[in-house]
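Here come two complexes built around chain A, the first alongside chain B, the second alongside chain C.
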Partner chain A sequence: MTPANLSPNANESRCHSGFHLSRNTPAGGLRARLLALTLAALALCAPALPASAQPTGDLGLVVERASGSLLVVDQSDRASIGRITGLGDLSHASLVYSPDEQFAYVFGRDGGLSKVDILAQTITARVMQAGNSIGGAISDDGRFVAVSNYEPGGVRVFDADTLEMVADIPTGSKTIGLVDIPGTRFVFSLWDTGETWIADLSGETPQITRIKGMGTNPYDALVTGDGRTYIAGLFGEDHLSALDLWQEHPEPQVILPSYAKGREGLPVYKMPHLEGWALAGQDFVLPAMGQHEVLWVDARSLQETGRTTTHGQPVFAISRPDGRYVWVNFAHPLNDTVQVIDSVTKEVIHQFTPGPGVLHMEFTPRGHEVWLSVRDAGKVMVYDTETFEKLGEIAAESPSGIFFTARAHRMGL
Partner chain B sequence: MTPANLSPNANESRCHSGFHLSRNTPAGGLRARLLALTLAALALCAPALPASAQPTGDLGLVVERASGSLLVVDQSDRASIGRITGLGDLSHASLVYSPDEQFAYVFGRDGGLSKVDILAQTITARVMQAGNSIGGAISDDGRFVAVSNYEPGGVRVFDADTLEMVADIPTGSKTIGLVDIPGTRFVFSLWDTGETWIADLSGETPQITRIKGMGTNPYDALVTGDGRTYIAGLFGEDHLSALDLWQEHPEPQVILPSYAKGREGLPVYKMPHLEGWALAGQDFVLPAMGQHEVLWVDARSLQETGRTTTHGQPVFAISRPDGRYVWVNFAHPLNDTVQVIDSVTKEVIHQFTPGPGVLHMEFTPRGHEVWLSVRDAGKVMVYDTETFEKLGEIAAESPSGIFFTARAHRMGL
Partner chain C sequence: MNRLTLILALAATPALADPDPEALRRLVRQDCGSCHGMTLKGGLGPDIRPASLAHYRRDDLTDVILDGLPGTPMPAWRPLLSKDEAAWIADYLLEGDPE
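Let's look at the complex of A and B:
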């Protein structure tokens, strides 16, 4: 939505009105110059009112992996509004947002942790916190940012304001599947020992709970949107493991036993991203590793309820926020295609080919649009999720992950 | 499960379980100093942002009913940052947010519809759209704001930018229970005829689907967070009615039949707010009308699964966002008290008395805090939802509804 001008009279000396004008200017370069002028004018105005007219609720960041930059996007205008550079190695990068939706914490594969300001479009702090890291999370109260590391194996926790390290939790193992849960807690798993740990940071010192017996080589994990069920994918087993975190003493539960039994595994071009698992109606839907299918699991009993054959090996299987439809992208060489599955009938209802290298999909918070990163086309493409009509596209340099600021308000990311 | 406590000895840099807490160690101090230097260096490079730059992700509005004003609050700072006046009759007022979290649409009982800018803290548009209205909603794409009216009976739809009326849907009845669902659609119910209508605004002209037989005198309704199940409370029946909106032809389904049978109804001091119904674990929890209890209904089967006796007649029964706990406030004269119910055991685990006239409760988006309007104390009070510790309070004039901007990203409000 284009913000309405606050005053019908463009000459009225409201310090924020110039910003609206600059946002609506079509040419990017001109817009940037106008923005600079506007910001200068704002500084001179020193108004009593909060003067920046840039709300943050509909912004987002797109990871540009090849150039180590982030494209700042405006969801309502379906446009890019800036770029933040100098973020190092952004292959497999992910990020989380501060509760106010002003700051993003970017987790680079190279161990870099960067704090960026989406309003100022700058890096405000950056630390190399490990040699090889694999994602992070922010605590429910926004005070702590945690990163899970391969090298050295463990989790490090940082003050969200300053990026000062406040806790170091070595695990003696590559550490994966880090998520936040309520109560200023984080959950993560250990590749080498098959354990899941819960770190409670609500008090003066971290309290750690260790849960053994999750299975051989957990490689990724997710927690459900309510923070209750933690599910780990296992590289060394033909099943998954789940924990009910609402129990006082959570015990690992085997789910989907022998889900690939009797079938020759296809080569795994790309490990499925378990963060893509999602609740779709009464089921979770998840990509089957090494198979051309997605699996449906009853959210309550954790029993398999069905399988849907797909175009290729699924990478992400993501529910539209209402759970009515599931969108799936695929591993190389079939990664030019997207399929849409009806979560009631479990049938593919739509298939299309956005372009080469569809790497990620992000829904607007209430699901009316989906944004796709089409890496080798150098574009982010926007589609209507009801009509499947293409609504727009945005130039981007080798785009991968797309992250809207609404994630600030969700658990378990 | 063995919680691994850190060593109580602050001089020991490592505890027996191998954890390292940098903030208690010299190494941590060094790190902090190095980081401070890094930040100082970065600060020199960063372009100046207006000092008053204000992100919108953690803001909120508190309805001040007696004075017809809105208090602007900052969730992270637990503070008020301004006041917007001139909104007319705000008794029973509610509001929704634009997708960018800059604008709120305020629905007054007197038929006033106001658009306010939370950054500029001003009213940008205001229309008297009916004589007596009862709440509204914003479409999933943010284009349309709809209001349900008693007088004249029906729904009116407005352009979210301009507040120009774009559709008038007379129903010949008092109209209640208006909610948004995916697909640029609204659902609402008719007090006089017991019908529920679905209005689809995705095309050039509104398409209306009428569903008959919901029951006598629906007085309020809700839709579940996924936009799938619409449940109407009935003034003239001893049950509720539900619709599965994912069906091609939704049929009313009776739920909680005879839930008050054989018990003399207590006087209804205040009709429960069905928007307060919420998913708590596997159940919906809802206030029983005229009784001192909340009812639990299986979210899948819609069968009753339990009742919890409460301190008084519940007004709101609201789940913490993760569903683990349900917070309940009560009708006059017991409205100085709040109870907290565990959604697993269905037992009251905490009760306290914030003060006279607890009218509303709003959780931070990830549930670490709850904000309470305590009308007759003239305060909004903030509590930690894990420890129940009071964290702060904010002066407000007869506060009622509290609305955080994160609502912009949720369906069915």
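Let's look at the complex of A and C:
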């Protein structure tokens, strides 16, 4: 609970903002640069500014899964500007941002929920809320943080300011695919019973809507950027299921029926991830399970529009924010490779090998760069998404998820 | 004792390649860890720390690793691992990591 402006790390980040000043000075010759340097030097010595003096719009956090830490990164500098430690077991960790992009809520595998201040680079609150958890979401109004748990199964909802629990929603099942949708609601699915629940937290007590018949063993789910379509991947079925959340009574709809029919299912060494960056042109792009391909469905009719054969079993198939290209990484043992697919022709247009263990990909908000975490190289690598040129790399300890603050303003991430 | 058995077993079997402990330890933590958690205490897959596996005989566990468990998400690792490597992993899981 250290106030942001008392933390020693906060000074570092302010010094950093001084250098920003000099970098952003229009090229005006030596004099301007000298002035900028002087300003930067003054900033170094100046009395502490409020921490909020540093903008957060181009910052991000990289999960360092093995060391339980987060690397604070500056997107436009392509650099690390600090590290936040002491977050427990961060294997498979994810996080969401507060609406003001100052705080992140980190969901650890060990059930830890931590609130970190990315300006002060400190943990401001932390609770062990379950034994084993798998991601979370923040409500549209920023008031609630929900966590999806394997053990004990269910969803717990916390006050975003204090991390006090405000609702406990036991499900009797491992709970996956938790996302936020408008109306202060959360949607999630039940691995053991094949149901999807909608929890409405806009009133005094949570109102739960249970939707049965999603299919056997949903392993992950996404909601599209408009909050309308919820798609669950199913381990126990040869299809996916979708819900139209704009309907008064959403009904499960089978999509991509029998996509693997007649073909041997390959051993799945890593379940695909479904994430909200699915819209590519007029189609949604989805990773197939147990096959070397990604699948395309029309965004409105949800009818199949194509398949693209890929290098391996896809883990993430993530659309660049404009939807023009889709970047795909792969499961063990083919996880050193990335492919880029043109969403118009649905053909692979580029393939490269960033290094061993490419776990995650994050686009800058308008998609001009993509950042890749290359776990076994101990690096985050930055690529130009048009030329595929490598622009830089940042040392990180076993990096996994990369999260830029712009996610604060997107639904379902 | 198990370790000795393993060494004897390895000596008796003409393995294509000796198991590489460092690579296998990494595989268990990182790739088995995808489902069982990096600390092996469970995730979508069950807890596979020694106490939870105590009812397994080494050979049975080796078979589970090689052939998977049909009807569950546990895949067959035979395409990626030799029998010796799977046996090394079974021992590693049953004994726990000394680190």
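Heads up, the rule we're going with is that the second predicted complex is superposed on the first by the 358 of 413 C-alpha atoms of A that agree within 3 Å, B and C clash if a C-alpha of one lies under 4 Å from a C-alpha of the other, contacts with A are read in each partner's own complex, and residues count from 1 in each chain.
Note that contacts are C-beta pairs under 8 Å (C-beta built on N, C-alpha and C of every residue); 3 or more make two chains touch, one makes a residue touch a chain.
Because the structure is a prediction, the values reported are computed rather than measured.
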item: Winner by number of chain A residues touched, once chain B and chain C are compared; value: B
item: Which of chain B and chain C A:405 touches, first, second, both or neither; value: first
item: Which of chain B and chain C A:191 touches, first, second, both or neither; value: second
item: Contacts of A:235 with chain B and chain C, given as first, second, both or neither; value: second
item: Partner chain in contact with A:219 - chain B first, chain C second, else both or neither; value: second
item: Partner chain in contact with A:367 - chain B first, chain C second, else both or neither; value: first
item: Partner chain in contact with A:134 - chain B first, chain C second, else both or neither; value: second
item: Chain B versus chain C as contact partner of A:282, first or second or both or neither; value: first
item: Contacts of A:92 with chain B and chain C, given as first, second, both or neither; value: second
item: Touched partner set for A:309, first chain B, second chain C, both or neither; value: neither
item: Set of chain A residues, in rising order, touched by both chain B and chain C; value: none
item: Complex contacts: residues of chain A adjacent to chain C; value: 65-66, 89, 91-92, 109-110, 132, 134, 150-151, 174, 176, 191, 217, 219, 235, 267-271, 332-333, 357, 375-376
item: Chain C to chain A touching residues, read off their complex; value: 26, 30-31, 33-35, 37-39, 41-44, 68, 73, 75-77, 79-80
item: Interfacial residue positions of chain B with respect to chain A in the complex; value: 1-6, 17-23, 28, 31-32, 35-36, 38-39, 42, 46-50, 52-58, 75-76, 81-82, 97-103, 115, 117-122, 124-125, 140-143, 160-162, 180-184, 202, 226-228, 246, 281-282, 300, 320-324, 344, 364-369, 386, 405-406, 408-411
